[in-house]
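Same chain, two partners: chain A is paired with chain B first, then with chain C.
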Partner chain A sequence: MTEPRPTILDLREVTAGYGDEPVVVGFSHRVPAAAITTLVGPNGAGKSTLLRAIYGLVVQVGGRIVFEDEELGDLPPAARLRRGIGFVPQGRCNFPLMTVCENLQLGTYTLARAEATRAVERVLALFPVLRARWRVLAGNLSGGEQQLLEMAMVLETAPRLLLLDEPSLGLSPANLDQVFDTIADIRRRGVTVVMVEQNVEAALAISDTAVVMDLGRKVLEGPAHAVMEDPRVRAVYLGGTAAGESR
Partner chain B sequence: MAMGLSLIFGVLEIVNFAHGEFYMLGAMIAYFLVARLHVGYWPMIAGVTLAVAALGVVLYEALLASVRGRSFERSILLTLGVSMVLQNGAIALWTTTPRMVETEYAYTNVTAGGIRIPLLRVFALALAAAAFAALFTVLHRTRIGKAMRGLAQNPDAALMVGIDPRAVSRLAGAIGIGLAGLAGAALAPIYSVHPTMGFAFVFKAFAVIIVGGLGDVRGAAIAAVALGVVESFVAGFFPLILVDAVAFVAMILFLLFRPAGLFGRGVRV
Partner chain C sequence: MTAAGRAARALGVSAAVLALLGPLLLPGEYPATLGISIATFAVLATGLNLVYGYTGLLSFAQVAFFGIGAYTSALLVVQRGWSLWVAFVAGGIVAALLGLVVAHASLRLSRHAFSIVSLSLALLCLIVARDWVSLTRGPMGLPGLPAPRLLVPGLGAVAVDRPGVFYGVVLAFAVVALAATHRLVHSRVGRALVAIKLNEALAQSHGVDPLRYRLLAIGVSALLTGMAGGLFVFHLTIVDPSIFDFYYTETMLIMVITGGPGSFWGVVGAAVVISALPDLLRFSTDLRMVLYGIVLIAAVLAFPGGVGGWIARRRLLRWRRALS
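Up next is the complex of A and B:
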């Protein structure tokens, strides 16, 4: 129903992990640009490890990761960020003893000083809630505000590809809606999003493409609505509507 | 001294047991600069601090970089080993004979309110205050300083915003060890210089950072000043032998009743 989008990230036979045992095994996938791709699958399927491999945080033992037609090889995370890949890790990942202001300043760490001020203004326009909490320590923000702060810190560098690892983890239902609305908004601005989510129904509702992983491999892919309707997915990962909501 | 130890613990997550040895090396270099090369007081202070900071970079690159974030026990064994090598190396090279560092201010006193204070002690105090102010300013006002605090608070978030942990840790190691060198240079003309002088200091410095809260630079500075005041009070009114006990009694009391230290945020596991 949609015309094919250009590929922004090409994963070719990627094998990655933390030691002798690779967690992701021979994973190949083309991530379409300016769309939301959601990785779903049971715990230990290798979804987070795959995101961390794309950002250069785990050892990639095989395969190739090609971003915008350039192979990333063994570039360190900071270099990947400079190239336009942003990564927001799982859980609370900010500087808890610094103010929102200082956190946003550190978000511009890789930018030139002249650009830094403009970057802060740009994300504040996107996240007005952060301006109201300007002098508050990040650790004292609500879970949802912290998640927004973390996305803002990464968006300051204007990444073209944004990797989100369980953005809804530990959020209240109200915060959850706010975070997913923001992610949909980020995509509307032309940023490609790849996220891992346990909250499968809410995530797939805003996604374009879904990839199902199990035991480090891709087992299913397709348009998000089709994957959501897939009876196997419903049985295994959603466990029926009621269980899906209790997550 | 304790500030440097705290900085290294906070950023590198390594307790540097060799810290006292860099203090000793600072004092030794001060001795050679003054006694052999006849360098003046202020150039000596600057030269020693830079030289020991450079040694800090060497130590970080050669040994500590590979330990970061891995096993805590390994870092303890490693820095204890460095400590023994440096201490015994110094004994082999220079023997244990105490040496005096005679600078141009050796016999100068200042009189304040009827009390005569050796000028060198005033300088040492001023240098400690200046070092604290400079470190505080760097950590809170500069980008690289904020990156150091950020790396200490959350290494994952540091990677998220594109901080290179290795470059920032290297600088933290250089500053932390450089501060130990500065302490050695400032105190060498006051006390005598010998290879085992760092040994007692490092345990006292540990007491100071435990009281101040591990990884908290401000707490370490306040605890260090408080310890100095309490020690001189004890020296004045109680048997002299109790002076050295003060730091450790305080440490034990803090561990029992307030293990996070003065401003500690608790120990992360």
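Up next is the complex of A and C:
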């Protein structure tokens, strides 16, 4: 895991936010290709904002975001999707009143028609559970299945970088395993994953790299297993016994 | 939705077939006149359904498209001597172009802005038709529109002057217009329209451009509505500012809302029933409109989501009972 991987996404001094006050401040990080990078940190640390900035959903006031050696500048989200970045936002983000079939077709609007059919077939091979639920309304799927559907919708465009904002939010433990197993599988297929997770232990177990954020800045980074062992991290997130020593 | 769609379709198809055959089987001119009205309103209501039911944009401009198609086609025939068969298509195109310009300007703000602007457009058209006397002859209108002639192989040119023949023409147009709309809403485009209505931000994040699809829906709706207007005034044989009357807006809205916005056959069925209703209630001249109102209130109370929505809910209930 220490073997250096090429950089797919280079964040240089990124400052981003919504109003006058930036939520992410001077954030620099190189995201290695074909690996899972997980952003952890307390509420309000700016993890989701950073992810949304990479997809062009928040105002980026400073710094540069370079994806595959090209600066993204102020490209709109749809253009970033075409360049190979996929984003699955936090919470439910499918069309609950449409069937699984219709939802999957909606993920293919940036593709040519013939390619769209192939894309649906490709994600169905990756998510066989969706084929079984083909004619079911997406709102009637379990939480885990809905999360898989949402990832499938984004994966249809074959992104090389997949951004996941809290994929385990609100899932039962059984569904949670299913979702994390799938994320690990997506990475094995060569897709780079950057995710934000509150479920630190389960997320870091499948991650290569971890980045700890607090108050909009990077406070720690390293191989996932090392970060998990870090006493400060254990104290804050895992309720470890090192709470007294860290402060 | 698909199961409910099938039931609504059965209802709509039977209502449509009834309307289709009625005027041909019944003697006299009256059934054909009623048939013309039904076929026209089926197109108007479907046009509004495309914009409001599928795309989620409340448009008050449908009557403007209808009237502009009517005036354009009448003026081209009377003043330029065009054939109606070309003129009514031109009427549709003029209506569609105006719709696209107005929608493009207002949709850049918001869908609410579109509603307000569409209402202003309808009111403005009424004023222009009344006050631009040199073109429209103002409140006098353009009376005595000539009966179109239709070239029938073997028969030569036939004057479409009897309601029965005119009904055939309007019916053929309505069938083509409805078939085109049906195809559109059940295509990739239709799916995108519904997705934009349900969750615009999410649709956009999957690369669907809301403005493009909305403009397409409005353009098609205005085109068909304008063409319907261009044909309909040649049945009336006069076009005057009352073609922009709020009565048309109101009737179209009643049809779409009672039929179920976003339900293709639900709205077609409602259009057939509601266009025929005032005439079916003719047995009581004094209470006719009172009864019409009562039927509408009852319909809204019984089917808050329209007939299409009601069928969808019943399916769901039956399904739940089967599961428990």
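The criterion applied here is as follows: the second predicted complex is superposed on the first by the 239 of 247 C-alpha atoms of A that agree within 3 Å, B and C clash if a C-alpha of one lies under 4 Å from a C-alpha of the other, contacts with A are read in each partner's own complex, and residues count from 1 in each chain.
Just so we're on the same page, a contact is a pair of C-beta atoms (placed from the backbone, for glycine too) under 8 Å apart; a residue touches a chain by one contact, two chains touch by 3 or more.
Because the structure is a prediction, the values reported are computed rather than measured.
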item	value
Simultaneous placement of chain C and chain B on chain A, clash or fit	clash
First, second, both or neither for A:Thr209, with chain B first and chain C second	neither
Touching partner for A:Thr38 - first (chain B), second (chain C), both, neither	neither
First (chain B), second (chain C), both or neither touched by A:Thr192	neither
Touching partner for A:Asn175 - first (chain B), second (chain C), both, neither	neither
First, second, both or neither for A:Ser48, with chain B first and chain C second	neither
First (chain B), second (chain C), both or neither touched by A:Pro89	both
First, second, both or neither for A:Ala78, with chain B first and chain C second	both
Segment of chain C that clashes with chain B, given the candidates 2-10, 164-172 or 200-208	200-208
Set intersection of chain A contacts, chain C complex versus chain B complex	77-78, 81-82, 87, 89, 93-95, 97-98, 102, 105-107, 109-110, 153-154, 157
Chain A to chain B touching residues, read off their complex	57, 76-78, 81-82, 86-89, 93-98, 102, 105-107, 109-110, 150, 153-154, 157
Of chain B, residues touching chain A in the complex	143, 146-147, 149-150, 153-154, 156-157, 159-164, 265
Touch list for chain C against partner chain A, complex	1-2, 188, 191-192, 194-195, 198-199, 202-209
Complex contact set, residues of chain A against chain C	55, 77-78, 81-82, 87, 89, 93-95, 97-99, 102, 105-107, 109-110, 113, 135, 137, 153-154, 157
